[in-house]
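This structure is in structure tokens; I'll ask about it shortly.
Each chain carries a letter (A, B, C, D, E and F) given by its place in the written order, and its residues are counted from 1.
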Amino acid sequence: MTTPNPPTSSPHLKVSFPHEYIAHVEISRPTKLNAFISPMWSALPPLFSHLSTDPSIRCIILSGTGSRAFTSGLDVTAASSPDSVFALANPDSSSVDPARKSSLLLRHITDIQACITAIAKCGKPVIAAVHGLCWGLGVDLITACDVRFASPGASFCVKEIDIGLAADVGTLSRLPKCVGSASWVKDVCLSARVFGAEEALQQGLVSRVSKGEGGGGAEDQKGAVVEMAMEWARGVVEKSPVAVQGTKELLDWGWDRGVEEGLRYTAVWNAGMLQTRDVREAMTAGMEKRKARFEKL
Amino acid sequence: MTTPNPPTSSPHLKVSFPHEYIAHVEISRPTKLNAFISPMWSALPPLFSHLSTDPSIRCIILSGTGSRAFTSGLDVTAASSPDSVFALANPDSSSVDPARKSSLLLRHITDIQACITAIAKCGKPVIAAVHGLCWGLGVDLITACDVRFASPGASFCVKEIDIGLAADVGTLSRLPKCVGSASWVKDVCLSARVFGAEEALQQGLVSRVSKGEGGGGAEDQKGAVVEMAMEWARGVVEKSPVAVQGTKELLDWGWDRGVEEGLRYTAVWNAGMLQTRDVREAMTAGMEKRKARFEKL
Amino acid sequence: MTTPNPPTSSPHLKVSFPHEYIAHVEISRPTKLNAFISPMWSALPPLFSHLSTDPSIRCIILSGTGSRAFTSGLDVTAASSPDSVFALANPDSSSVDPARKSSLLLRHITDIQACITAIAKCGKPVIAAVHGLCWGLGVDLITACDVRFASPGASFCVKEIDIGLAADVGTLSRLPKCVGSASWVKDVCLSARVFGAEEALQQGLVSRVSKGEGGGGAEDQKGAVVEMAMEWARGVVEKSPVAVQGTKELLDWGWDRGVEEGLRYTAVWNAGMLQTRDVREAMTAGMEKRKARFEKL
Amino acid sequence: MTTPNPPTSSPHLKVSFPHEYIAHVEISRPTKLNAFISPMWSALPPLFSHLSTDPSIRCIILSGTGSRAFTSGLDVTAASSPDSVFALANPDSSSVDPARKSSLLLRHITDIQACITAIAKCGKPVIAAVHGLCWGLGVDLITACDVRFASPGASFCVKEIDIGLAADVGTLSRLPKCVGSASWVKDVCLSARVFGAEEALQQGLVSRVSKGEGGGGAEDQKGAVVEMAMEWARGVVEKSPVAVQGTKELLDWGWDRGVEEGLRYTAVWNAGMLQTRDVREAMTAGMEKRKARFEKL
Amino acid sequence: MTTPNPPTSSPHLKVSFPHEYIAHVEISRPTKLNAFISPMWSALPPLFSHLSTDPSIRCIILSGTGSRAFTSGLDVTAASSPDSVFALANPDSSSVDPARKSSLLLRHITDIQACITAIAKCGKPVIAAVHGLCWGLGVDLITACDVRFASPGASFCVKEIDIGLAADVGTLSRLPKCVGSASWVKDVCLSARVFGAEEALQQGLVSRVSKGEGGGGAEDQKGAVVEMAMEWARGVVEKSPVAVQGTKELLDWGWDRGVEEGLRYTAVWNAGMLQTRDVREAMTAGMEKRKARFEKL
Amino acid sequence: MTTPNPPTSSPHLKVSFPHEYIAHVEISRPTKLNAFISPMWSALPPLFSHLSTDPSIRCIILSGTGSRAFTSGLDVTAASSPDSVFALANPDSSSVDPARKSSLLLRHITDIQACITAIAKCGKPVIAAVHGLCWGLGVDLITACDVRFASPGASFCVKEIDIGLAADVGTLSRLPKCVGSASWVKDVCLSARVFGAEEALQQGLVSRVSKGEGGGGAEDQKGAVVEMAMEWARGVVEKSPVAVQGTKELLDWGWDRGVEEGLRYTAVWNAGMLQTRDVREAMTAGMEKRKARFEKL
């Protein structure tokens, strides 16, 4: 149950600890605009499962390495290789009947979905700091995060339709839950058009855009959005972790369900979670105008 | 079944009738910024149950007494008293085992949730006119209303995380249904940051902000937003009550359910509700360019 | 199963083919502002069922004939005639008992709902180009479309409450799924107030407003919004129809369901749908910088 | 909306009216054990849609023609023909890519499902009188009925797995809702073993088995089960049609939903449906010890 | 929250305490076969709400007074009086339009449903000991209980259809969840036929039938089934109340929901409820072969 | 994705291959009546995940080692050790506050639930051959299987309530879906009474009981029920694996959902899965009266 060792970086997921209780995960394949190959998504579940239960972590920031891209999405060259899932799917590739191929593809897709979902299942808040390109799989990734901030030059695209397929590892299931306008969701998913940070903000996909549009280069922009995320994270990790993790859980539960269902689950959750010393500590600290200190969780 | 007597004010919920068919409920504990203590939420169900079935009422406005606050939320001092739910929840408070405490807390939370939900279950539209502070329990309250207007100086905060707990009497279940941006909901719920009327408008939490930002003091602002709500209410009470109450019911039902589910329930509802003289009266009045008059409901 | 004949226009639904793979359906009763009478909604299912399966069609544009109205909604004069559903519903109209009337009304409403739903069930994207009046039934229609664009002078109104009834053929079930702000939905549905294109855009009901507010008359405005829709449609029909139709299906499925439910259905869908030559064609064309060509579907 | 003409038999669905308010539908292809070919399922929707709304019908009995079979299921010879859906599905049949075939197959399956579902959607009770073989498609059909009686010699089989496919037109979705034992459902669906009337009764798939096991031949058995159904039907058609059709609707609605959901829908339904003269007539007739007479519906 | 006073009997609901932790509630209008009039269902919520939270009660037995009937159901004579809900529903009773009547009827039905549901919401197990007549409202009542035992001479009937209405206060929503056979449910609900204890046992509506068919009169039979319930109750009240109340809650939650939904709620529930001294006491007592003693809850 | 190595037995889960395509998994801790300790449930996911995708396996039999017990359930002695989850839960065990303990317990319970659920998620049919004791965790295990057979001497018990807790790793969520009688489920779950194979059969928990009650000892009984399961499995593995795995998947999906939801998923599933050569092979073999041979899956 416990995960005693500190989370270690994998080749394409760099992990650092810029502040007490904060982990910074960077998608890292900079020579390829952080484009995803199979080992990259496979590295997500062990890492986020660890971060989810490690009591020394209370908030996670997700960004890309380098300044040009959060991620440009799936590495299409790799996806074209003979041992890729697309080669398997190719109707002219083998004599296996389509039903059997469907079974194999179903396992493949389910596996990749589970890798992305590992972010959504993390018990601690995950904030995406989007800079540069965030295309295709990038949108799958950020819609699995809790909060999304962007640099002014960030560029988004639900790209999958352009390579002949419906996005199947998260975007089509999560994007409609992330924003309000159904017309806009279908517009960008069916046209695969690129949109920028301002549009993402206006539609609610991201909730803040960092400053610095003027003279700032890509490097500055990335710094600014990561710092904006850091500032938000520093605020969150000072709160009671019982309260923070509960708030995330209850919002996630309620998202997919009706109000009555949400209220009941909330009541059962808090019947246990109110029995914490954090409430007294928070109240007392508030009256004493000092910073509260909470035990790990 | 019927509630023959006119609704009477309780000590902390002042009720007035500023216009035919309109009730104005004011949260009233002005010396404490309308902060909530237990008798206040307990007074909601009898009042709103009455308003829900009283045929002389067609629309309800909810505001605070005084101009400084809609409500500042839970009265934290009272919540710190030895007989409060937080004292019960305190892990160091007694030798009752945590499981038994969970049972008691579950009943407590369920009871308070039901008090807030009484607003949402009211069969007539309830419009919140938000002015000054609307923190903590204030957000629980307004998300249980149908329509939300705010004065330009209104200030909102999902405050609960700051006292060590996840909001459990409505906000986490209802706020995601009230606005479109998932990122913004998690931003404000996890950071407990204060936001103003303009941000609430932009995100869709309120649908209108009253004028008067310039020289107007808090008093003027409150007057303006209540008058804006009054004007809206005056329009609604002139419509057929069969149509108004049906529209509210059908929107509420559909909110938590799929489209097919919504369409079927709507059809069954209107199979009965179209059998009203109001349709003919409304059509005739429209052609005759006169104001329609509808029987009570 | 197949529908070999080209879709033919019906008296009130004009169909044209302005571009390869694009059908343009115009609501056509111009002398009455395209107000709906019974044969008009009855013509929707056969037409949209045909378009849904005709492989020579990949995208549909819906607009009104003429420039003054998309549609002014239900033809109230016709609805007042002695053989209308409202005459049947009239409590003073006959000696049939209300329960039996309820049964008949239920069948009526269900039938009309099914006519509107035929648009939503069309397997190809349907884009509404809204110009002039879009009142009452007009909102039922456009919320059943996938994407909504409007001219700057377009005017919207959830009108039903003004004739004494709760909207029952789609708006109350679909509008809350189309936009983010619950307060705004109840505001416009309970007040029946008219709102314009800018407000519709800000709230997300439409995702784009065409240019030309200045000197352009209604005619120019309509031309502009239809052209904007045409441009969007021309982009969509160049994509793989396997990908486009899958994207629409998966978004529609996910809208009403939780994320897990959406992910699973998506995986099963794509297990079959990835077995298309379109993926290779799309990837190759992309590398070869040429336009991809996809087989019909 | 109304269906003025009396329902006419189609070549393979014989309709007779053995008693006031009762229709008897016989699956009729006696030379082939009533095995189904495409025109047979296509004939179900127009017939059952008519019966559903024809006020002179209050209950429907479904049986096979002849005594040897209710139906032996899909006609496998026809299903092997070059223009069948199985020929289309055959992976070696054409160069159309599997994704496009999936789209065509999806339409095919959806169409056939809708044909069977037409029975379930009929607003009047449908009782299956099962005699002789009831295999494959026969189980799809009877699980779409409301009540199932069987002759002692009836033989059941969820046969589809034996021809290489999962049953897809109803059995796998409806059988688990018809009986209690999950282990038994998977046993018979995965083994395709034949089971008799006694086992069907014990598991609850049928609720009565007719007498006559001893000397009676198939002909006598069929007569007995049809007469048993007739007797049940004669009882039902003497009840208030408002009450009967409401009871069917409310049970169907509740089957797939939670109790709260069922209670609310029931309340809204009866708010309209209690306004019938049938209640007074039923009560008065009961006190006067005479048979009640109810208006048509 | 707490209910300090012992539950007192109301005129038609006699409460006794035949054993530590056990309450026996008797439906009591013996001169009328315990037929229900309005004050009887209105007395259910305060009583069962009290029993639900009173720590001195761990299990409740529900039976009728006298031996002839559990309850014969709704008192039809009272229901025919001019101020009854049926008089209100009568289409010839007043000039109020049917839509307004629908609103009033909806409130009535909802109120009565809530009275019956009070039994289902009781946090302690409620066991129905059925003897003699259990018709109409009797079935609504027992399907809201947790466990059902019957005497051999008990007689059941879903009677509502015989007075011209669909059962609307529970049976149609709960009966399909209580038994496995859909065909049987529709058979008895559509035919209103009387069935006995053996059939109820075979179909799973009751889970045990008491002995004594032979010479025993009604009095003896009632005594036997109540004693059978008492014996069961005596066993239950010796278990940990944390475990008993949790088991009831989790089964109720899971009944209406999918397995995943059930597992998650169960995990959250037990995260708090495992923190009880009862586990250690139960384990230790088991090893020491002594009876465990648990604190009240 | 693929699992190339043959599944190897773990210390407490013995795996053998008694027949082509059949795996036999034996719970194996015979000196302790196969009582479960933590490594045993932890071994389930890797094993069943392997069996789920290994094309050389088409059906799995689950039994106990030895003849005295399928499993006696949780090893209570181990569960009493200081490092067990019960020690953690003990309210007197440490100074960690109950909220933090709740978090830890939630992870524990979720982990164990996932271990049991691994059986339910296996893509191939799993048949439980129950012999001897099947108590507590045993019921959790068998309700996660697809089909259940029992020896005449098998003994079942939902034991958890006797050690002071509500069953939380599957039984309370799955048992109500496995059988029809709600009253019986609550009876056995709240009383923890032991019941035998005949009662399990009558209630539908198991679908067959093996012969041999007379002189046969426990050893013979176990042999008989395992052979009965083997015979069933031998039949299943001769069917098309596309059809078998699809049938399991579609029944599982439909169990928790409404009929419409089931039909749609079924149609999408079979749109891909009908494109198999198994259909032609099955049909041809049927006509040629020979055994069909299907490719692996």
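Going forward, a contact is a pair of C-beta atoms (placed from the backbone, for glycine too) under 8 Å apart; a residue touches a chain by one contact, two chains touch by 3 or more.
Only a predicted model underlies this, so the values are computations on that prediction, with no experimental measurement involved.
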Note = Touching both chain B and chain F we find A, C, D, E
Message = Treat touching chains as neighbours: how many steps, at the fewest, connect chain C to chain D?
response = 1
Query = When chain A touches chain E, do the two copies use mostly the same residue numbers, with over half shared, or different ones?
reply = same
Ask   = Which one, C-D, D-F or C-E, has the same contacts as B-F for more than half of its contact pairs?
value = C-E
Inquiry  = On a C-alpha centroid basis, what's the spacing between chain A and chain B, in Å?
reply    = 33
Query = What whole-number Å value describes the gap between the mean CA coordinates of chain A and chain D?
reply = 49
Note = Separation of the C-alpha centres, chain B versus chain E, in whole Å, is 35
Note = Contacts with two or more other chains occur in chain C at residues 91, 97-99, 101-103, 177, 179-181, 203-204, 242, 255, 257, 260, 268-269, 271-278
Chain contact graph, described as a line, ring, star, complete graph or other shape = complete
Ask   = Which positions of chain D touch chain B when the two form their complex?
value = 265, 268-269, 271-272, 275
Ask   = Across the complex, what residues on chain E touch chain F?
value = 125, 146-148, 177-181, 203-208, 232, 235-236, 239-240, 242-244, 246-251, 254-255, 257-260, 262-264, 266-283, 286, 292, 294
Note = Note: in the complex, chain C contacts chain D through residues 1, 53, 96-100, 102-104, 107-108, 111, 242, 245, 272-278, 295, 297
Key: Parts of chain C lying in touch with chain B, wherever the complex brings them together   = 76, 79-80, 85-86, 89-92, 98, 101-103, 105-106, 109-110, 113, 117, 120, 160-168, 170, 172-174, 176-177, 179-187, 189-193, 203-204, 255-257
Note = Per the touch rule, the chain E residues reaching chain C in their complex are 91, 97-99, 101, 260
